[in-house]
């Protein structure tokens, strides 16, 4: 299993029976594959479908059923279609239980930056700001550091933020952090080759360590 | 009283400097034949309200952009068309970036006679710059204004000759909101049916929002 | 023909081909009977139906098709049903061409009072305020004076108003008044037994007399 | 995962002092069996949000009113039930009168996460008293707040076991808006069908807005 799949698998554990879930592009998309089959989970895509099913076989693609990443998907039994204002009414109105999305940066106060890079012309935001402001629980799935090894989990974001203080859970290939009562808390270590010191070294954000810290069983 | 006209006749209602809402999320639900027709009209200085501005290779609105007919774009995600990015970076295209849900809701407000509304989306971000902010029930909201396009170009699955509309799957997206918001609404229908062929319970856009219907075929 | 039918017949002449019309309770309801058959007119009722048809025969009543007066109606071919927020979005958003309604008082500045009586507990407003604020053209149909012979067309309303300055046309059994550029103008005399002096005597409002004043042909 | 429960079980979610939205325009679209069930529950000090408060003779909500379980009513037209008028005049019922369209839009705002909105309806009238006023594009608007009921009692034509809903004719009225606005939504369906029996394009209220479905029969 790759790092991304590992993160997605851990994120899937956060989903409860009956949840309405919106999955972003990238790692979050992979989460769908790891939702236990005994749970009824309903995937929402903000372009107007509740009840997203798996990717179709090439010969079964319906060009008018796409997800927010503009990729072909399917609609499960019990699904419904609706307009953009209806769809974002669901999001803004707190009817989405869990939104899982990626991030460029996450700050210790729960700020998230995932839409713009300083110095570049800002030309795309999509539904990210609506989702993080509206979903009941925002989970960020991301690799712990950038491709160049730079930290992404910071005391404060230096990229333009998507919303203030909305992240509830942050899942990387190494660790799970919870955000609660204005505190960032290390809850789990997901990589048994990593020590607390090693995680601290790549995580400039200030966080406490949970008294019930979980370590991956070898 | 039939609203069915030719594409050419319908598009004569677009004038220089108009604000035109164009349905679709990417190319799904985009009224391609109306957009193609628009490329043959001698209009200029258009403001386009659309989630995206065409797709790479001059598809959809990309064609109109290449003709230098668009001076401003209001939408949520222009990064998917590198040509739009190029025009924006060269200063040939003014861009107003709006979160996808706020875009839908501003159109919905325009259609429903709402003078403006408060949303949490984008509060505290760059996209809130210059916008009124207000604390409601302990949370920060920003004020957003309605959008009332001069003309909307809409894609429907079926229209009856009165202009009642139904849509297909995720091709519904922004189309109903834009149809309701615009002063003049022009619909490209895949199929035009007789009045009475659409079930009164299933009509998504009632005919009072529609001015012209053109036959788009499949 | 009774006085009410006469007023309704005159009001029906104000309706144009293709108009979306909302008819209030009382005299306005009668207007439907006088719309010329060669005109396509669509009646909207704010409880959620566009395409109201005639009153059904007793044996044809569908208890789930009612108008805003809670009376059984029918739905014509091409009709559609929608929710209250959709219905009032149509009204507030200016998609109703003509609203015809009754009044307790009308003032020379176009104010209308038709919902509350001073000194009584105010317990009902319904859709009146939405309709007069949102419809493109507000036409008031009313008997010229109250049952007790008191004037209803006044310099200013002393009953609580429903909206400020919204009345465009006022039709009574005696006369038609237009409201334009902050002026109230007597446009027609509908009763050939009434002189200008007699009309003035029962109309405390200040109005000018149209240079093209029409008198009913004997 | 079925949401179908008994009327008794569903109504245990209503507590003393709750704000309950009840669908219907008059008795059309009113969930009579849920209201009857409510009359058998030992709850008090309810605030009811409903266009009307039952009909004369103790029908619908009139029954609950007679039991002195309602301390406040928020709606647009209470004059049609003389009992409601009597209770209000005797000071036994607090009334918040809201224009019908504003009532629908406040519910819609509650469901869609809108913090408040500006409407022209009621500007300059008694019903604007104490409300913020603002000039937008030269016209006066007033500020209105969202309504978020604790529980909504909804009448639907058909529900599937997930809670997807469709409605019947003008019995749709306030039901979809209330279903979306409330924290807990209980649906009385005339018919309960298997998931997959409702066409995904025709679902008016998707299941994520619905918590419990009861069988109301015809």
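We call the chains A, B, C and D, going by the order they appear; numbering starts again at 1 in every chain.
The working rule: contacts are C-beta pairs under 8 Å (C-beta built on N, C-alpha and C of every residue); 3 or more make two chains touch, one makes a residue touch a chain.
Treat the numbers as computed from the prediction; the structure is a model and nothing was measured.
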| item | value |
| --- | --- |
| Pair of chains joined by more contacts [C-beta pairs], B-C or A-B | A-B |
| Between chain B and chain A, distance of the C-alpha-averaged centres to the nearest whole Å | 29 |
| Cα-centroid distance, chain A relative to chain C, in whole angstrom | 55 |
| Centre distance in Å when chain B and chain C are each reduced to the mean of their C-alpha atoms | 35 |
| Averaged-CA centre spacing for the pair chain D and chain B, given as whole angstrom | 32 |
| Chain A, residues touching no fewer than two other chains | 75, 81-82, 85, 88-89, 91-92, 134 |
| Multi-chain contact residues (two or more partners), chain D | 105, 108, 112-114, 119-120, 167-169, 200-201 |
| Contact pairs between chains, per stated definition | A-B, A-D, B-C, B-D, C-D |
| Touch list for chain D against partner chain B, complex | 105, 109, 112-120, 134, 136-137, 139, 141, 166-169, 199-202 |
| Contact footprint of chain D on chain C as seen in their complex | 45-49, 62-66, 70, 75, 81-85, 87-89, 91-92, 116, 121-130, 133-134, 160-164 |
| Complex contacts: residues of chain C adjacent to chain B | 17-18, 20, 40, 42, 44, 50-51, 75, 77-82, 85, 88-96, 134 |
| Chain A-facing residues of chain D, complex | 1, 108, 110-114, 160, 162, 164, 180, 195-196, 200-201, 203, 206-209 |
| Touch list for chain D against partner chain C, complex | 25-26, 28-29, 51, 76-80, 84-85, 88-89, 95, 97-105, 107-108, 119-127, 140, 167-177, 204 |
